[in-house]
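Report on one structure; see the data block that follows.
To keep things simple, chains are lettered A, B, C and D as they appear, and every chain counts its residues starting from 1.
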Amino acid sequence: MPPAHPFDTSYLRDMDDGDKLKEECGIFGVIGVDEAANFVALGLHALQHRGQEAGGIVSHHPEHGFQSARRFGYVRDNFTSQSVMETLQGPLAIGHVRYSTTGSKGQTAIRDVQPFFGEFAMGGAAIAHNGNITNANALRRELIERGSIFQSSSDSECIIHLMARSLQRTIPERMEDALRRVEGAFSIVAMTRTKLIGVRDPLGVRPLVLGQVGDGWVLSSETCALDIIGATFIREIAPGEMVVITDKGVESHFPFRPRKPRFCIFEHVYFSRPDSILGGRSVYETREAIGRELAAEAPVDADLVCPVPDSGTPAAIGYSLASGIPYAMGIIRNQYMGRTFIEPTEQIRNMGVRLKLNVNRALIEGKRVILVDDSVVRGTTSRKIKEMILDAGAAEVHFRIASPPTAWPCFYGVDTPQREKLLAATMSEEEMRDHLQVDSLRFISLDGLYRAVGEAQGRNDKQPQYCDACFSGEYPVEPSDQIESGFEMKPAAE
Amino acid sequence: MPPAHPFDTSYLRDMDDGDKLKEECGIFGVIGVDEAANFVALGLHALQHRGQEAGGIVSHHPEHGFQSARRFGYVRDNFTSQSVMETLQGPLAIGHVRYSTTGSKGQTAIRDVQPFFGEFAMGGAAIAHNGNITNANALRRELIERGSIFQSSSDSECIIHLMARSLQRTIPERMEDALRRVEGAFSIVAMTRTKLIGVRDPLGVRPLVLGQVGDGWVLSSETCALDIIGATFIREIAPGEMVVITDKGVESHFPFRPRKPRFCIFEHVYFSRPDSILGGRSVYETREAIGRELAAEAPVDADLVCPVPDSGTPAAIGYSLASGIPYAMGIIRNQYMGRTFIEPTEQIRNMGVRLKLNVNRALIEGKRVILVDDSVVRGTTSRKIKEMILDAGAAEVHFRIASPPTAWPCFYGVDTPQREKLLAATMSEEEMRDHLQVDSLRFISLDGLYRAVGEAQGRNDKQPQYCDACFSGEYPVEPSDQIESGFEMKPAAE
Amino acid sequence: MPPAHPFDTSYLRDMDDGDKLKEECGIFGVIGVDEAANFVALGLHALQHRGQEAGGIVSHHPEHGFQSARRFGYVRDNFTSQSVMETLQGPLAIGHVRYSTTGSKGQTAIRDVQPFFGEFAMGGAAIAHNGNITNANALRRELIERGSIFQSSSDSECIIHLMARSLQRTIPERMEDALRRVEGAFSIVAMTRTKLIGVRDPLGVRPLVLGQVGDGWVLSSETCALDIIGATFIREIAPGEMVVITDKGVESHFPFRPRKPRFCIFEHVYFSRPDSILGGRSVYETREAIGRELAAEAPVDADLVCPVPDSGTPAAIGYSLASGIPYAMGIIRNQYMGRTFIEPTEQIRNMGVRLKLNVNRALIEGKRVILVDDSVVRGTTSRKIKEMILDAGAAEVHFRIASPPTAWPCFYGVDTPQREKLLAATMSEEEMRDHLQVDSLRFISLDGLYRAVGEAQGRNDKQPQYCDACFSGEYPVEPSDQIESGFEMKPAAE
Amino acid sequence: MPPAHPFDTSYLRDMDDGDKLKEECGIFGVIGVDEAANFVALGLHALQHRGQEAGGIVSHHPEHGFQSARRFGYVRDNFTSQSVMETLQGPLAIGHVRYSTTGSKGQTAIRDVQPFFGEFAMGGAAIAHNGNITNANALRRELIERGSIFQSSSDSECIIHLMARSLQRTIPERMEDALRRVEGAFSIVAMTRTKLIGVRDPLGVRPLVLGQVGDGWVLSSETCALDIIGATFIREIAPGEMVVITDKGVESHFPFRPRKPRFCIFEHVYFSRPDSILGGRSVYETREAIGRELAAEAPVDADLVCPVPDSGTPAAIGYSLASGIPYAMGIIRNQYMGRTFIEPTEQIRNMGVRLKLNVNRALIEGKRVILVDDSVVRGTTSRKIKEMILDAGAAEVHFRIASPPTAWPCFYGVDTPQREKLLAATMSEEEMRDHLQVDSLRFISLDGLYRAVGEAQGRNDKQPQYCDACFSGEYPVEPSDQIESGFEMKPAAE
């Protein structure tokens, strides 16, 4: 049933959404501290860039049982007031921020906001995930046939129903049982009355890290959310690992058949925050290294290196340091944007990117400018930025892109346009340059990107070290539901 | 999981709630008209007295599928605006208003607001009920054991899960299958993509009527809701009957073992609107007849007959007509009450009934006054009204109550205080008179009430014609869940 | 500057507004009690029928100075919560409820909500009024010429500006000075830091009463608002009197030239609550007496006397008692109406009076029915009610109206349609009967009405005892602003 | 009367408010375009950094007259929707964003939100200002004595009342008349039905620029707001100039006695946006130049130059370019902050700056870090940042501040702590270094700052080229109201 719900949440989206890939979720969980939900709220605030549309927290208190709150909007606006937080008690809590929705025509009903909760015969469990279950539609059909009633369009609910029907006894055993039926790329935090559980899919596509705070334990999508609560970063959850954390400590399970890891390379490029650490590497330094690679691969004579704010900044700094061309803020971001406008007037709608960015006119005039951006998706923003820069009197505009051409959609928990909307799906680099009408346009090579993330030999084409499906079209997990809906994979021969 | 939800709905309750029995729900459904949800909204507005806390509508449109909206507050405030109603399209819709909740500690989560929707293998169905399933807890435990995940604390959800697991093929067959597992006193409206379904429990405790509007059909808790949409009253659904209405017409099923009907006698006294017709009798005229019976059973020499507004009005008119003592509005109701106050100040809280009622001082002064009320539940309001009347200078105060002493809680979809809170559970009529400190207090006899509703011979004690458990303690359906929770039935010998 | 304000308050109006005269304001003030604003909130709640659109309270605390809150909506919803009331401290407070606005095209800006506050050289004063200043436009023009800046379209503001510019020293002296420039029909409550002030215009058109509560004093539009706070009714403020109340007691001033009183007779018919006392008479009993007069003046053979709820009720009871024809509730009011719908759908809009009233079908069928209503303004509601009654199968419909034909607009603080919209302005009683298509239609005579309010000789045409301009067209205060805007007075010869 | 208003606007403030000087207002006006208010909304959005608490727009339409809307919160949230903007019609509009309030104990009532409107004998005028009238209290007292009624605590209202009482005929003449009574540092935009008026105080302390868009004219606090609407920057309004713009063009008046200009030097340091042009200089380039000056004045051996985001960024880039020490983002700002939390829990409150900033741990560890910030006000933030950097393992921390020590409050429209709260008011540079416990702390010299803004010879102490009272204690306009309230000026001898 398509939800007829009270809030039009479309205003929570950035005006340039169509022109960025967007991570769909951030997850966080804490056990063994006083008022765990407070920690979760802070952690989710630090993970807000992974999902700005809605958030939810479930906690468990020995006396009051499970408690939950789910809201549209920012963590900051929903999960900081006394009145809400005092309804989320106890030493154990998990939380979730989400960007958008799977399947519900671009709108989220509050019932689709995670964590998802289910009452089993042996007690309740809550679960939240980041990523995507690629056989969710098939599983859902099967479960409905058997008499399960779904209440949301969330993938997490499949796992809960599989667990409810499992023949195993304990919740962790039921979860292992359920996970073996599930395909996809996902990280999970879950909780029972006494356990915090974390899972990473066999390929480890989506991130999940373990931290320690006082006597308690933390699970988080990124390390930057450990920092905000003063937790110590212990290690990443291993691909295919399931950790069950109780007051006795952390126990590891490996429910899946072992596979070679394929971490999402785009987390390094854009999704993760620059102050997080991924695979032992500072994201900021990786992005600076991408800029240095770009300067080596695609040098150009110019007066200024300017980032497209804010995501292009570290790569622009790297490009400047490697090339010796001065770094400057040629484009200023209006810090009062972030969400788009509600029912805007015609005139506002037409403003587009000018509401958000302004050219530093006096600086740019007469200069040859290198603009560094993280990616080109549909190309609409790039084109408008180019026009603004030229209007301001720049002599030349050179685009340098900190990722290879995005030619394929991601089906692993990232909001991507349909393939035909991706500029690189239909145009060569040369054609894109003509389309954008800039003096030059260069993307980092796939090998260059692999080098920047630490693979000195570049990409191993036989056995790629990362998931780079959005660039290469090689999907490490078959997107079954998508293929069923008509998506055409890249021919093997290609 | 106890819901930690955003709205404190307690303000939606009347300040005198504790002192009235409250019907918990009204239901309404329409098939075969344009924009069926508009009719449902009007019908629910007319049934608002049966549930003021929240309301919901589900509709089905051939193209857009099932659509729903559920809101706290009045129908008038939620289901009349263009923007909401245009999301509820199609020729088939059902709706529900509810007063309070079963089991959730006095607060309703929005997910407990009906109609309840479930997706089955052969398509979806929505369901709403008025009444109570007396073995809901046991059914729920059994279903959870088998792996069903509940999303609400609503009884309706048991029926949906039973249907989801039924081995039968069609939805009506599955519903029959499910209903055979269910005990209690309830009326149901349900819908599939093409069918409107109505069910009344085997005893016919709760009302449900059938009407016709243009080429379409209507199901409603009361006839007053047929009037508002200009529908013609056709007949009551029979106790134990299940009607399945399609564009081919109305089909009758009788899934239950036949039993003698036991319609709720309190619907005549208080729950139903005076302009409804129950069992072929005008509710208003029945109440006037109760007043006449009372005048005959419990005459008293006095100057004025005054109703306790508004529910005592028809009985007071009857008493006046039978006794010849002039009828007068001795107590004036403030029409701007209806809901209570949000976080009231101490002083406001202490005002109690004075916020709602004021004595017509100039009229009352020096007079011997007969006050006619519909019932005495906890006696708190009666006591305050007595004080107000005496403060205003009345010479004598005589209470006449249009129902027998309410000595037992109702477990069939009515919000009643626990037994020990009922004044009549612990006191005789004489003791209540002393407690209320009035010059006289008389309740209509149970036989008198039966006569007023048309049973010339009064109550048939061997085979009572109505459910009168709240007066007699004789429960026609065993309240299993309640007994499990410690409720003590009246000893058989009593 | 026409206000561009955030709330469309039109939804606060009854759907039948166009068909009732509406009192525009209620006023209330208290001095000498703890937390005076709490008393004012309760008083305004009891006066809510005099103005449902908005309300305001100003209080004064020796330490915190003047405090105020002004809100759209019901008193109950705005002035009962701890959080609002704790911002309104001190032993002295005044308040105001308003129905609609003068001059602002049917919408009220929050700045037009009274009480109005001004800071003078010798301290601040707040003021609220009920009624109308008939030379407000001329005064306003004069004040603007002299350099006063108006912030609202409220008449009260003229008085504040006149006071600010007065050459007198004390605030009461300045108020006397200001009042001498003012023409119209109004009652005023005002306050300084230490004084509560009440004023009634020279003719005493609008009501104002004095009460005592503990050691404190109360001013109120009606006595029913004394009851709610447990205050004792002392006396009416005399026409032309100004009372200045301090902790030393009540002091009387008479700033105006003495005139014969002309109290508004329509307060008896409709505006005041039935449990109020006006001119020493119970409003309820007056209305019952009107019914008795009507029965004598306009008898008819019939089966039932039914009120048009709720305002026709006392007169219907009187008619029944005098005629011996049984009283019955033939029309039931839906108690969940009261305000109209927001942006209603087409279908809802077309429902009109059916959303609010339903015929008690079973009772009416085949009967000859007398319908008693308080007044006929535009006749639109009367016509719809007649249709509903006939649809329900009534054999005959006889209208009896508890006031004479309303043929002239009121300019003294009452919301009336323009003269050409008044049915009685263009039709005789006979023509109205034909227009409404009823079996008979009779209004009480003007003399009959005067008798019912206690003038045994009827109306003194040379020197009418009341203001009855709405019936007679004889305006006791010249409506200067209206004449300036083109209103044509009744020719003297008529 | 202290306002008892519905919104607690304190949540609109940054959590670090106490530690930044804050410009109090931005102003914008347009004449001669279709739907002028749309332009004003866009302009105010670009000026949002000058005032985040509330905004207002007044427009004038030949047919509908003056229209206005005033709201708390961001321009983006209030002035972009169709429904609001269609109430602001016509070719002429002015607007205002404000940060905080003068005199109302830290809270703004909606009536204090500008533009302020007044109706005069010859028509209405609206006015908005940025800055402060230093003799406002005295003027207000005088006006109240004469009988003016004030409705707000805004300085602008003094000007309106002076204009209302002026003996001159036209509104521009009356404004000149009024301005001659006014002392202070302010820029004004005002409008009549046909004229857009701009004024800058005689010293030109606050900025105001003139632009052209199509056939229309624009007044704005900064040039960055011309860019967003595509307007061309024409020139700055001269100190002491009043421009009156009609459809005939721009007319200049000079109502004040000529004085040497004293533009606010802090606009260059912090208040203005980096993409604005002030006094013919790019703000960004000035800030970069400040960084270069700082590198020359206060060099230090280190590994990284990091800005305190976002205001320290251009100076950090300049420092890096001049020193050759690599620039890096050592501190990452959470872009979902900006406003503080509503009723935060204890734990949230204690988080302070960590909610907003996180150290880029992997980058900082073991490094000697130069932190560049724009200013030090109370020092609380600087201290917390230092702790975070050291916690992350930095080897050394060196603070470089892009302005001289802030030792004096600003009384010209800037929100500054009281003098004793300013760190530099009670400590020498050395003491501040010890207080902050950093390895070194250096402020740019006052001469260095003058050089960076283009005064090659540095500051002319006899006749300073700028207002630098916050650094020097030399106030170019006597802060009369403040002195009256007890503020002690720096002794002349000092």
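We adopt the following convention: contacts are C-beta pairs under 8 Å (C-beta built on N, C-alpha and C of every residue); 3 or more make two chains touch, one makes a residue touch a chain.
According to UniProt, the chain labels map to these proteins: A, B, C, D = Amidophosphoribosyltransferase.
Keep in mind it's a predicted model, so treat the numbers as computed, not measured.
Common neighbours of subunit A and subunit D under the contact rule above are absent.
For the pair subunit C and subunit D, the distance between mean C-alpha positions equals 50 Å. Each chain gets one centre point, the mean of its Cα atoms, and the points for subunit B and subunit D are 62 Å apart. In terms of their C-alpha centroids, the spacing between subunit A and subunit C amounts to 62 Å.
Residue numbers of subunit D whose C-beta contacts span two or more other chains: none are found.
Chain-to-chain contact here is organised cyclically: the chains close a single ring, every chain touching exactly two others. Chain contact summary for the complex, subunit B toward subunit C: residues 35, 38, 41-42, 45-46, 48-49, 52, 74-77, 80-83, 85, 224, 227-228, 273-275, 277, 281-282, 284-285, 288, 310, 313-314, 317, 321, 326-329, 332, 334-339, 341-345, 347-348, 351, 354-355, 358-363. Listing the residues of subunit D that touch subunit C in their complex gives 1-6, 58, 64-69, 71, 87-88, 111, 117-121, 124, 144-145, 147-151, 160-161, 164-166.
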